[in-house]
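The chains carry the letters A, B and C, assigned in the order they are written, with residues numbered from 1 in each.
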């Protein structure tokens, strides 16, 4: 499980995260929604330390991540090697340009297990094929990303993230850049993952989808979680005025 | 029409030019990898050093750099003559140009690909070998070939510091025989073949790399 | 010898060199831009053969070093009855060489400009030359300003090669000073600095011009 406490981050003078607290239980799916610039993507990127944060704590299964107590007080960033190790417990999928264009689909999926986790070639190969079958792309193993549609590329990206056997999957608007007819196949894959009880944090604009797969939805505004609850609570019975405004616009 | 023996001399000169360029390209590429690494260093002072180096090398005419080195060599007690000075200058020059090409290549790797690699927890060596090097190679092939062609042309400048290569060979023959049009025409033809040849070669390599499936991503 | 003393003694030599370098760079740049425009016009209006001719010209100058046209004009012109001064020969060579590159830059800009503009101009009844002058050229030049700036900087640096035909520009002056005084370092380092100043000034100039024109 993940525990986030008091997360703060500023880019120069701009305060993007102003004290975020969030708990994610084992197997829970949390959707992050909000206007552009509310900090939802930054929050996601802080979770796997693609962004450093100024204050606060992130714990995974009760172990603090990313920063250690410094000998003279205060905190100290963990070493690059340790950060890499910690990142392996999380998988992330971006909005686009996920896959490495010069490698086949299978090689893309195998890259992490082979070179970060030192899984043997044979085992990694089996793992890769299995995951690609899982996302419905076993026939495209030897294809190159450029030969795939956007939806197929995203599915491979999900397989690649899963190949690391992560404890949590971070999804940053993974369908936003897709043509509408391709969105469904990606959402199907996410739906199919629900049974695996893997933690997921999904940044999304697709409220309909969030309602369907998320256990809880967090609405962010100006760098803080302003409303948090079940999809029914947040989407149908919003309390915060800015959330009401936001929902009205999105309708 | 063509003064006797001049064709052979010019051909020899062309071979020297090509060798100089080849040495400069190899040396320059190695230097450029080091420089490009400096360009992305975490230490601000190292990055600044890179920028100063590129600024000086690109802002000063090649001839001036060559003359500086040429006159500096005796002072450094290196009895090696104009060839070494010339090759060194070319390496310094092409090193800067290649470094900028590599730097541009690294910068054109889309951010999510960097972040995917980091998120997969790839150790630095694997990151370089499997991600950075292949991508940078494909992204930078056209400008790299361009610099190679520029290097062949730049070798002609070394004629002024008495490095015997194609241009100097041509000039010597002209001063002997006054067959200006013929000799310079032939010299131009030699350069043309070399430069155009490199360009075509580069395009062939580009096509082969592209065939292996890399055609840019379309999200 | 200290830097300041060196400069005060040989300042006039440097000044001569600087003046010649700037002078040649100035009119040769102008000439190269004009010549580049002419090549562009030929490419656009003289049909298939015009385009092929310009292509051949560009390829020729792209794949040969600039020293060759410099030598050619300098040595050959007196032989064919055109005993022009070295400066003119050198400048002409620079114009011919850089004009080729500039025409390519302009061509790229032309491709980037909307087709619609051409059709609009034609429907207004503008003759081809008029279209070119009023519609195409201004836009193309503005669009190309940064790339033109790059080319001018390259031309500026190429003026150093004119020392090979004994023109008393900066590099030549440095060589003279070295032969006179034996102090190679001082001579050339000052010259290198002067070139850096010239190059940087030119770059700044073009950047300012680009900004100014964009906000029109």
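Rule of thumb we're sticking to: a contact is a pair of C-beta atoms (placed from the backbone, for glycine too) under 8 Å apart; a residue touches a chain by one contact, two chains touch by 3 or more.
Model, not experiment: these values are computed from the prediction.
Taking the mean of C-alpha positions as each chain's centre, the chain lying farthest from the centre of chain C is A. Central chain assignment: B. Criterion: smallest distance from chain C-alpha mean to the mean of all protein C-alpha atoms.
Taking the mean of the C-alpha atoms as each chain's centre, chain B and chain C sit 22 Å apart. Spacing of chain A relative to chain C, judged by their CA centroids, is 53 angstrom. For the pair chain A and chain B, the distance between mean C-alpha positions equals 43 Å. Within the complex, the chain C residues that touch chain B are 59-60, 62-68, 71-72, 75-76, 79, 157-161, 163-164, 171, 174-175, 178, 184-185, 188-189, 191-192, 195-196, 199-200.
The touching residues of chain B, counted against chain C in their complex, run 55-56, 58-65, 67-68, 71-72, 75, 149, 153-157, 159-160, 167, 170-171, 174, 178, 180-181, 184, 187-188, 191-192, 195-196, 199. Taken in their complex, chain A has these residues touching chain B: 48, 50, 81, 84-85, 87-88, 90-92, 94-104, 111-112, 115-117, 143-147, 150, 153, 157, 160-161, 164, 177-178. Note for the complex: chain B touches chain A at residues 110-113, 115-123, 126, 130-131, 134-135, 138, 212-219.
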